[in-house]
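Just so it is clear, A, B, C and D label the chains in written order, and each chain counts residues from 1 on its own.
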Amino acid sequence: MANKPNLKVNIGKLTLKNPVMSASGTFGYGDEYAEFVDLSTLGAIVVKGLSLKPKQGNPPPRIAETPSGMLNAIGLQNIGIDNFIKKKMPFLRTCKTKVIVNFFGDSIDEYVKAAEKLSSVDGIDALEMNISCPNKQEGWIVFGTDPKVTHKVVSAVRSAAKLPLIVKLSPNVTDISYMAQVAEDAGADALSLINTLTGMAIDVQSRKPKLANITGGLSGPAIKPVALRMVWECFRKVHIPIIGMGGIITSDDAIEFILAGASAVAVGTANFIYPGVTSDIVRGIRTYMSSEGITSITDLTGAIKCRTNRL
Amino acid sequence: MANKPNLKVNIGKLTLKNPVMSASGTFGYGDEYAEFVDLSTLGAIVVKGLSLKPKQGNPPPRIAETPSGMLNAIGLQNIGIDNFIKKKMPFLRTCKTKVIVNFFGDSIDEYVKAAEKLSSVDGIDALEMNISCPNKQEGWIVFGTDPKVTHKVVSAVRSAAKLPLIVKLSPNVTDISYMAQVAEDAGADALSLINTLTGMAIDVQSRKPKLANITGGLSGPAIKPVALRMVWECFRKVHIPIIGMGGIITSDDAIEFILAGASAVAVGTANFIYPGVTSDIVRGIRTYMSSEGITSITDLTGAIKCRTNRL
Amino acid sequence: MNRVFKATVVENKKLINNHYLLTLHPAVKIKKPRPGNFFMVAVETGLDPLLKRPFSIHRWIDGNFQLLYRVTGKGTKILSEKKPGNILDILGPLGKGFPFPGKDRQVILVAGGIGIAPMYAMAESIKDKNPLLFYGTKTKKDVLLVDDFRSMGVDLRISTDDGSYGVKGNIVNVLKKYIARDSLKAPYVMYACGPAIMLMKLSGLASEYKMKGYIAMEQNMACGIGTCLGCVVKTRKGHKRVCKEGPVFPIEEIIW
Amino acid sequence: MNRVFKATVVENKKLINNHYLLTLHPAVKIKKPRPGNFFMVAVETGLDPLLKRPFSIHRWIDGNFQLLYRVTGKGTKILSEKKPGNILDILGPLGKGFPFPGKDRQVILVAGGIGIAPMYAMAESIKDKNPLLFYGTKTKKDVLLVDDFRSMGVDLRISTDDGSYGVKGNIVNVLKKYIARDSLKAPYVMYACGPAIMLMKLSGLASEYKMKGYIAMEQNMACGIGTCLGCVVKTRKGHKRVCKEGPVFPIEEIIW
């Protein structure tokens, strides 16, 4: 009998027991899922994006279904960092898994303050910096689409953050591998990709957009091919670990991301469809490794077999 | 009883009896579909992309299914302009619909030569210039993603082409509305959008990409929300007509594009699923107009009802 | 008891045009839903439609349960084609149900169209109070379950938009007249479910007459368990989630 | 006759593990398929899976037709759950079938695994020639339709990878020995369907023995009617479409 496969992965200085985490904004603050998933089986919980002050988010309707996908324009509604620390961290500290806090600011200054504040909280293992929400104003979008602004905000947060820093990239760019390099240069320890693709849907009867915010972020299986390609492109350009996400539903989906170059994966929209899916994916990866005779998951990262002349 | 709704639309100097056309590469040269669709009911037939010389395209496998979508890496296989004129134009001239020829070159010079050659062919009503195929080499991709190159190649073709010139844009850019303005500045009479999103899929058993070309173009319902958003963005920035496409399956889908700002629509992947779909969509649009009391389809273009403060 | 379960279709009966009564047998023992609770139902095995659809508990019979639904789009169309023996993935019961009326309160139920679905469960749970049901539909052939409600001892008032059954006109107006005539002797509490426009009018009525009442709200949903923040409605206390703080809200809380 | 039609499931019978025989009744009169032709079948009403799946004609019985299929993935899994009365969207018959053998030719059929599906139709169409069928599978329990072929007068040679039925080993080797022994007296023609690796080996054999033969190729398909250019295979005359110039090709034409 082969040894039990080793699922441990390192994301910079952060070690996860396995590569499967929740995607920010799709898993609340963990508590609602405790009923459906043994949270200790996950590599990490990534919580809903936080800001210094609580936010009301966008008016409803906020979601619309699309073929094999969904649009959301939540608008980063959240309870604010202080409430989070007071009301949600006590539970998260008991979960026997790593806690990654996703956050954002509306200015470089706010980003820095949020990172500082979160860095000193006991029980938080890493920070994921969201510069890529499609539901913000145009002036905000540049954080994730203008390389100069990206470099500036990531550098500033890098200096302020005392924890491993993951930068979450936007797919709504011409060359994501270039943005990945910019984030790496600015000091990111790891990259998360992808956030949602900007999309839209219209109700032909009322002739109104289906979302009050007009546009929203497209997630779910529909975007998987795009996400996978982006992970593959970035993997060959940067030297920091990549957390792959976008449409993962099954363990095979997760393995595709790992083969394309992801060190870990995050599961988003799938949680809405199968609340227990994260744990199922861990199990599925383990089964795959056993049946393929793979002893360490790290052997799979970037292990896609293809002619390398296309770089 | 209301008058029969008027479906006529103008794409620059080109007048179509209705706004529904086939998307290039999904309708062959029209002949295969004659069995399934009364071609004279269509606004136009857009033929598979042509080049000066015949092309073998990419090795198989060339397609892979994805959730509500498909990836293709045909690699622009085509019979070449000369063969097309000789073997396919005689049939197309009998179809009682407009014929739009999609074409590409591997250099500005080839683009220009192709445009010149096609301009003098009897029975061709307009040219659609493909600068946005994701299955070409990196040196080619810049035609559709680098504004300077885009301006150069479109200007050159504009001078050479004697027919209405439609430029087909790539969605794989940070700001498609900017690329749209560049094409407009360079002399495009109309814009087609979108071409496919670059994507990828991996077979976890063999660990090989599902396409021999590694990456391919994602089309079908999965991409509709992205396509729709791009049409809406471009509509508010340019003054030339837009032909919207990407995931249209039903007449409601087509109407969404028109409401977002498209003057006409093209139907691609749906032809593979329902060979008679193009004609069904024309019928569905007519029914919608009758029941909503809309006399001219042009009243629907850009008629989405939304707060206009978001520009 | 896990709220994620599979259920077998026992029957999927067309009641009237576009309205179906689905009887489901859960594969495992599930928590008994309260009136106003709902289930999220997956209608397809493929990834389109992707999201589960929410349906209120209509009736609970010895561990089986029934949903009453109207075909309005893609998902409900597919659901209507299910046959006995087909198996569905379900999540629930979810949400906060209707609170029980105080001991001495009279009960008024208000249903518009398919809003009748949860009202059956509610009526059954308080049938000893002989509730009054104000029920409005478009036309005669949309009126459902009259005999069932009557045999339960419910006092029914029906209106149709076209007057083809009961009073002609809007059911909120019928209720208004009833209240204005001071027909209600004791303190009462109202429970309502129906289209947004009806609930909005009811809330006007409620503030006019200082009526105590609860309404079941609808909103597009993704998760059904409070994590996506997709299903919020505007309330006097900020955005609240229909799937978690609702679907039932005190009528005065909602901002229209 | 329109090649786009709906068909009702008459029966969807599990033959052996993962292998099903689907009997379909077309709603309209359709063109009678030739052996080697195929149909594109939509397995779902939603948009996922999106594309139709190709299946060879297995048998034609008085206007009904049968497909024999193996569950290999998502689409065939969903297909296997269809019940009598379900209705499927279908396109076909499509492609170029097996050409009829010359008048005096002996016929050799070669099938690997589920490649047996079209071979039944082919055998039936030329049964008066008492064809020889070389049929290889993994193991005994994968062997299908033996009695049906026998009663048709087909001379069967079976091999299994594990030797649990017939000869142990590869069916191409069995055929090779047969030919090497010079057992075929008259000029013959071969028709084959099976996994790529089998067809590749057969093509080696064909060039070694200057065998005339035809093979049915597979490729991922989107349109099935020649327009997407997705299903090409490499041939000595350039890329050819499996759905249009094929699925049946002269064996010497394919480049492996």
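For the reader, a short list of remarks on this structure follows.
Throughout what follows, a contact is a pair of C-beta atoms (placed from the backbone, for glycine too) under 8 Å apart; a residue touches a chain by one contact, two chains touch by 3 or more.
As the structure is a prediction and not an experimental result, all values here were calculated from the model.
Chains that touch both subunit B and subunit D are the following: A, C.
Ranking every chain by how far its Cα centroid lies from the centroid of subunit A, the top place goes to D.
Averaging Cα coordinates per chain places subunit A and subunit C 37 Å apart. Inter-chain centre distance (subunit B to subunit C, centres taken as mean C-alpha positions): 46 Å. Centre-to-centre separation between subunit C and subunit D, using Cα means, comes to 53 Å. Subunit A and subunit B have CA centres that are 33 Å apart.
Residue positions of subunit C with contacts to 2 or more other chains are 47-49. Shared contact sites, meaning residues of subunit B that touch two or more other chains, fall at 67-69, 220-221. Taken as a graph of touching chains, this assembly is complete, with every chain in contact with every other.
Here subunit C touches subunit D in the complex through residues 44-49, 74, 78, 81, 83, 85, going by the rule given at the top. Only residues 2-4, 42, 47-52, 89, 91, 219-234, 238-239 of subunit C touch subunit A when the two sit together in their complex. Partner subunit A is touched in their complex by these residues of subunit B: 66-69, 71, 145, 172-175, 197-202, 204, 206-209, 214-215, 218, 220-226, 228-229, 232, 247, 252, 255-256, 259-260, 288, 303-307, 310.
Contacts from subunit B toward subunit C in the complex involve residues 67-68, 221. Across the complex, subunit D meets subunit A through its residues 47-48.
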